[in-house]
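What follows are several structures.
Shared between the two complexes below is chain A, which has chain B as its partner in the first and chain C in the second.
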Partner chain A sequence: MAESLYFEYPVDGENFASAGQASTRVKRNLRELGLDSETIRRVSIAMYEGEINMVIHARGGVAKIEVTDSQIIIILEDKGPGIANIEQAMQEGFSTAPDDVRSLGFGAGMGLPNMKRYTDYMNIDSVVGEGTTITMKVNY
Partner chain B sequence: MTVKDILATGNFTAISLPDEGREINGVYIGDLLSWVMGRAQADNAWITIMSNINIVAVASLADVACIILAEGVTVDETIKTTAEAKDVNIISTSMPAYEAAMELAKMTV
Partner chain C sequence: MSSYIHSVSLDSSKCTGCTTCMKHCPTEAIRIRNGCAVIDADRCIDCGECIRNCQNHAKKSIYNTFDEIKAYKYTIALPAPALFEQFENLDDIDIVLQGLLDIGFDDVFEVAQAAEIVSDYTRKYLKTEGIKKPAISTACPVIARLVCLRFPFLKDNLVPLLPPIEIAASMAREEALKKNPDLKPEDIGICFISPCPAKVSYIKNGFGSYKSQVDLAISMSEIYFMLINVMKREKVRTITSKAGRIGISWAMCGGEASALFNDKIIAADGIKNVISVLDQLEDGNIPPVDFVELNACPGGCVGGVLTIENPFVSKNRLHALRRYLPVSQYVETEDYVPDKGYSPDLPDYKPLNRLSDSIGESMRIMAQIQAIKKSLPGIDCGSCGAPTCRAFAEDIVKGKADQNDCLIAYKDIIKQYIENYSGGEKSDS
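Now for the complex of A and B:
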């Protein structure tokens, strides 16, 4: 594809039952573009973890996706509480998820590590009290 | 082995079956969703006792072949219709996760 494609989706911070909608739409778009299933899977998993984090930890936000001819760039922006200690948050098993979301199966503290594992590049930009922006890139 | 083959054993019940011919290449057992996202492989059968709506998105995005609800766990109608719309197979069994996995292991040989 000659030119980059852009998608933008709001992530609803209130509705837990529909969490994952933005990721599901992106998956569908990438399929329509004819990307290989392994690339689609990596993007889907990384983006879902980020989207769920915005719902659980940051009251929602916005997801921006850019598809170029060689990579998919995912930018997740929220105006939540921010992450005070990013190194700690990145550790497997670290979680501040409340009990009610743990009972749904979240809160293993594996989301951010998964995002790192399934992408070729990941950066967390966070200011306590202002919000978090996570940028991920998947090469294909 | 396909999802249809598993049903043919008679020990599993269909809940949502939009893609019954889907091939299964292995099994992942787990209830913590980020573990499933991180460790299950594409085309695995995912055995769990989690039954809230979020399992449908996880199964779809992690691209597993089907969800197998163990221990006789049931889901409500919303989950069934969402799974059908999102092309996610869900079957259930009264067996515990270990026994369900054994049943699938027998079929792969």
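Now for the complex of A and C:
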């Protein structure tokens, strides 16, 4: 059994234009490892959505990725406002994104539902006023 | 070792080891070893970026010389459509075609004529059910090789049609045998006039199990200087162009795609742009399109490193040249793509961006790369002979480089050493 690989990327919350860079770098690494395209696609979509959320709501955070010999674990940590009602946040179309973000085509309320759809496991750990940690797992 | 024959090569007597080519190589195929550039044949895609960027003219393209046509009884020139845009004030393509006869070819077959056939085939191919879209053009040989090496997940998107140069070569040979019944097929020498080293390499290697029907490839710049001496507007011409706007327009980026009469197309040129489009395609981040035309050279074939004129001037000339041309001179004969239009298979290149064949082994290698990378300065200066610190780390792990080659790290060691001695406190050892 191979030892796990770890990657860690800061997600810059100040710069909206650079959102998505961490998922691009993870994707490149997964390709080098020789993972299949479907797994890479799932990981990159789920992580991209999470990254965008961190930029919109939490002014950035940290993305930690662990690659084991059977799954990819993505942990997204931020010190943002937290999610008051997780059940509501998980509903498709529900969003608290401000108008300026919506005008860029984001904030459609599909982020969290998509993250759940593309992963095999997802857990949201959030405290209002302190921050949110999302853990996702994709089996391969 | 690679058995792939490359046109791009190095004149080591001119190379100063300056790292410019290494920095521009899109597949990180170049390293500097002992003060001289070394090209990794497995990674090279013959795009010509190193030739374009080398200030010392140490990078060059190998091609056939004009004299080699003498080995054949009957020679046919296959001018790439980019040839016509090299000449100032040219208003009639026939003048160039006549020039090719005058410098010694027995006949001329325009690749542009065959391009119109391939355009027609492509339109039909795109209507085929079950094909993977977007279909990616294989007319530029750099793209075909780049996709196989770096974007293996997009391999099924490559259009399996033969490029215009091959259709032209087989039609030219057939025609010549009909016109001259006493010739044997091997008496005929088909000579492509190439705008780029990639086409030269393609002719030498074929594509997959397909062997090119072209016998020789000569540089466009070499032919240009011969043509310029014989081309005269007032000369009697015995040859007439058989291509229209569609065929000629293949010379520039967007020409091939616009011939499909389809709005759902993307056309990109320049190797960096091409790679970013392929990256996005692989991620599924591109809106649904039917066809993607990619040209490694800026502006398309008119930007090839074996051309004379800069691609933007060439594009302007192309617009003027095609003004009074018919849209196409190809008359559709079949409502399907004949077998001879297809290439039999795709080449089996080993993808480059995989560290090894097994995921477990790749993970071990990547962990080692990560560990080494942490100790490197991360400024990608290139002085170690690798294009990036990341590439250097990979070279170390694979036993192709020594960590002491990093000058920045070495500087610190020396600094330490000097401090230890000059500071009065001699080190223990």
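What we mean here is this: the second predicted complex is superposed on the first by the 139 of 140 C-alpha atoms of A that agree within 3 Å, B and C clash if a C-alpha of one lies under 4 Å from a C-alpha of the other, contacts with A are read in each partner's own complex, and residues count from 1 in each chain.
In this section, a contact is a pair of C-beta atoms (placed from the backbone, for glycine too) under 8 Å apart; a residue touches a chain by one contact, two chains touch by 3 or more.
Since the structure is predicted, the reported quantities are computational estimates derived from the model, not experimental observations.
Trainee: Counting residues of chain A in contact, which comes out ahead: chain B or chain C?
Mentor: Of the two chains, more chain A residues are contacted by B.
Trainee: What is the contact status of A:K27 with respect to chain B (first) and chain C (second): first, second, both, or neither?
Mentor: both
Trainee: Is A:G105 contacted by the first partner chain B, the second partner chain C, both or neither?
Mentor: Once the two structures are laid over each other on A, A:G105 reaches chain B alone.
Trainee: When the two structures are overlaid on chain A, which partner does A:D69 contact: first (chain B), second (chain C), both, or neither?
Mentor: Only chain C; A:D69 stays clear of chain B.
Trainee: Once the shared chain is lined up, is A:L5 touching chain B (first), chain C (second), both, or neither of them?
Mentor: second
Trainee: If you stack the two complexes on chain A, which partner ends up touching A:I86: first (chain B), second (chain C), both, or neither?
Mentor: It touches nothing on chain B or chain C.
Trainee: Which partner does A:A97 reach: the first (chain B), the second (chain C), both, or neither?
Mentor: In the superposed model, A:A97 contacts neither chain B nor chain C.
Trainee: In the superposed arrangement, what residues of chain A touch both chain B and chain C?
Mentor: In chain A, residues 27, 37, 41, 44 are touched by chain B and also by chain C.
Trainee: Residue numbers of chain A touching chain B in their complex, please.
Mentor: 16-17, 19-20, 23-24, 27, 37-38, 40-41, 44-45, 48-49, 104-111, 113-114, 117
Trainee: Considering only the defined contacts, which chain B positions touch chain A in the complex?
Mentor: 31-35, 37-38, 42, 50, 52-55, 57-58, 60-63, 78, 86
Trainee: Which residues of chain C touch chain A in the complex?
Mentor: Against chain A, the touching part of chain C is residues 153, 282-284, 353-364, 366-367, 370.
Trainee: Across the complex, what residues on chain A touch chain C?
Mentor: For chain A paired with chain C, touching residues are 1-3, 5, 27-29, 31-35, 37, 41, 44, 67, 69.
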